[in-house]
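Here's a structure for you.
By written order: A, B, C, D, E and F. Residues from 1 in each chain.
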Amino acid sequence: MKLGVFVSDYKLAVDTLDRMKGENLGIVLVQNGVYHAVLKEGGKESALLGKTPRLYALSEDLQTRGLRPEQVDKRVKVVDYSGLVDVIFNDFEKVAWL
Amino acid sequence: MKLGVFVSDYKLAVDTLDRMKGENLGIVLVQNGVYHAVLKEGGKESALLGKTPRLYALSEDLQTRGLRPEQVDKRVKVVDYSGLVDVIFNDFEKVAWL
Amino acid sequence: MADVKCAFIVQRPQYKGETSRLAMTHALSYQTVEVLLEDGDTVTPSLCFVGEGILGISKGQNAIAPYGINSSELHAKNCLLVDMDVYVCKEDMERFGITEDQLPDAEDMGAEKKINVVPFAQIEKIMEEAKHVLFF
Amino acid sequence: MADVKCAFIVQRPQYKGETSRLAMTHALSYQTVEVLLEDGDTVTPSLCFVGEGILGISKGQNAIAPYGINSSELHAKNCLLVDMDVYVCKEDMERFGITEDQLPDAEDMGAEKKINVVPFAQIEKIMEEAKHVLFF
Amino acid sequence: MGVLTMGVFPGLVGSGCYDFALKLAGAAADKGHVVNLWFSGNATVSVKAHQKHLKDYSTGEKYLVELMEKGVEICTCEACTVSRGIQKTESIAKIQWNAMHWYLSKIHSADRVLQIGGE
Amino acid sequence: MGVLTMGVFPGLVGSGCYDFALKLAGAAADKGHVVNLWFSGNATVSVKAHQKHLKDYSTGEKYLVELMEKGVEICTCEACTVSRGIQKTESIAKIQWNAMHWYLSKIHSADRVLQIGGE
């Protein structure tokens, strides 16, 4: 269904995303969600990175937190707000904020 | 240190409580925290119930959620707001909201 | 003339925050949205409870006595009363040990619809068929 | 005449909500509280970062450009500048792969204090010795 | 060009989510998209006029005014707003006040809906 | 009798946590304890006067007034409040306006402090 899911937390209090099939899913990391693109907790990358090849992170939210682009996992496409608007309209049929 | 920790969620987004030693700890279940006293997720009781023998749950928050006193785990003392005031002043030296 | 299907997915418990309650009140407003639309246009919400979201609609709630507010149970009943399709995730019922008789119905209010207990796969299908998906 | 020790424990990340930022601004006000207290009375906060709380004070933040607000890094530096005791949990640094050189200092602003990286056990001891414990 | 309708819900004034919603709305409007913003729950507080911008707080008033100048339609849930003591006369000018069906009507015309829930 | 100081922080208007804080403050005052309430973050919105009580929303005004009649001291963070556009003249009568050190001073005199954070 080409659903883009916005993730705005690092530690998630809901498990809806875990249970959704990855095939047509995309994940947009915003706010504290951007830590998923950078942190390796206990040496392990975030499980979200393996869930789908369609991964985005918001550059403004990386910048705010002092995270540099080179720290971001290579599979994650960094976009700014303007780029995010295009992602919403062009890359997905629908979007949802977790 | 006789610290009473207030838990107001079922699924916790912070892990501070997990890491605190149980000896002098008490746990007060309020708001959605009262589900810890009732639910057996996947047949298993909440880990919080085994953390300390000093467990309380707020009756008004059970009532609000349609949870009956007989559903509450026997180790949990059900108190109302008035009783909770006594718990705060008499059973602990300090209290903290998780 | 078009109907727009929306999946309202309630994934958080009730009361601590307002979001999961507002999911229901917003879905209910599908009844009156026509005043703002062209003739024949409609919006049809499907209201789905998943994860901890299923906890907040149990029978026997009383939020008026302690807090002076309407219960989420009442809101769920109102949704049935206006013929909304309401779904609860079967796997989550089992996981939390909640039985079907703990779910409210609104027969006493004259509602014909009942809550549908369905597998998560069916809720995914509802999301798929909807034009828009809204998580609460 | 009494000093009241308080443990301010920041356990949530910065920015999404305000709480963890407000922990720092409230702790900072220990500097001016004397105007409301009897002579000789004081409040001494210890500011401890644990769990995800440690993420929000990293060096190199810029919240002014995108959002027009001061960064949490600046707030952390201000805490050092007023000689507050600031602690960061060692185990969480390791868990998230954060090194000491990623933590800010406020030498450029003339601060003498530095952030102390300590085991969680020491943060528990700070909570124990404090009269009050406040989680943010 | 498309239509983006966003619902902004509880607890967002003073939070990063609120800043996010306003920035995204602005970026979409700048690209020529039609943007509708619905405030419900605690987010309704953001329609209060005379917000003082302090650098330790994110406040929305000036951004909301800018958004409306760009053609963004903004509406607050009347019930949520008056329950918080804010009257229409105290609201930022040109923000609409309506019931929840306003949001549903803007969902009807939308190509994309972003419902920002959470707390 | 003891002194209970509570800090009530973001996102609490219209939430269960806010109801909790007010009910606990009332129960403590009824037992003869001294109670101080500090509002910061989004909770400061609760000092706005003329809240309309609808049964789908928890509103605090009448409870706050009752609490103050019982002797509870209530203070709102001035910076947080004005950043949300609420002026002193629009506030519920007798609620104090002050800086964050008010909270610390009431912590100094307290036997128990309950800081309600979260979002």
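Keep this in mind: a residue touches a chain if its C-beta (ideal position, glycine included) is under 8 Å from a C-beta of that chain, and two chains touch if they have at least 3 such contacts.
Keep in mind that this is a model prediction, so the values were computed, not measured.
Novice: Quickly list, by label, the chains bordering both chain D and chain F.
Specialist: Common neighbours, chain D/chain F: B, E.
Novice: Along the graph of touching chains, what's the shortest path length in steps from chain A to chain F?
Specialist: Counted as steps through touching chains, the separation is 2.
Novice: For chain F, which other chain has the most distant CA centre?
Specialist: Between chain F and the rest, the longest centre separation is with A.
Novice: Interface overlap for chain E and chain F, more than half of numbers shared or less than half: same or different?
Specialist: Mostly the same residues form this interface, as more than half of the numbers used are common to both chains.
Novice: What chain is the most remote from chain E, judged by the mean position of CA atoms in each chain?
Specialist: Using the mean of the C-alpha atoms as each chain's centre, the farthest one from chain E is B.
Novice: Kindly indicate the chain pair that has more C-beta pairs in contact than all others.
Specialist: Greatest number of C-beta pairs in contact occurs for E-F.
Novice: Can you check how far apart chain B and chain F are, centre to centre, with Cα atoms defining each centre and the answer in Å?
Specialist: Those two chain centres are 24 Å apart.
Novice: Could you grab the centroid distance between chain A and chain C? Build each centroid from C-alpha atoms only and quote it in angstrom.
Specialist: Taking the mean C-alpha position of each chain, the two centres sit 28 Å apart.
Novice: Among the residues of chain D, which are close enough to touch at least two other chains?
Specialist: Touching at least two other chains: 12, 15-18, 25, 52, 66-67, 132-135.
Novice: Among the residues of chain E, which are close enough to touch at least two other chains?
Specialist: Expected reply: 10-11, 14-17, 23, 41-42, 53, 56-57, 112-113, 115, 117-119.
Novice: Can you pull out the residues of chain A that are in contact with at least two other chains?
Specialist: Each of 8-9, 11, 13-14, 31-32, 60-61, 94, 96-98 in chain A touches at least two other chains.
Novice: Touching pairs of chains, which are they?
Specialist: Applying the touch rule to all chain pairs gives A-B, A-C, A-D, A-E, B-C, B-D, B-F, C-E, C-F, D-E, D-F, E-F.
Novice: Spell out the residues on chain C that touch chain F in their complex, using ranges where they run on.
Specialist: 15-18, 21, 25, 64, 66-70, 75
Novice: Would you mind writing out the residues of chain C in touch with chain A in their complex?
Specialist: Residues 9, 11-12, 50-52, 120, 124, 127-128, 130-135.
Novice: List the residues on chain A that touch chain E in their complex, please.
Specialist: Against chain E, the touching part of chain A is residues 6, 8, 30-32, 60-61, 81-82, 84-86, 88-89, 92, 94-98.
Novice: Using the touch definition from the top, list the residues of chain E that touch chain D in their complex.
Specialist: Listed in rising order, the residues are 11, 14-17, 19, 23, 53, 55-58.
Novice: In their complex, what parts of chain A are in touch with chain B?
Specialist: Listed in rising order, the residues are 9, 11-14.
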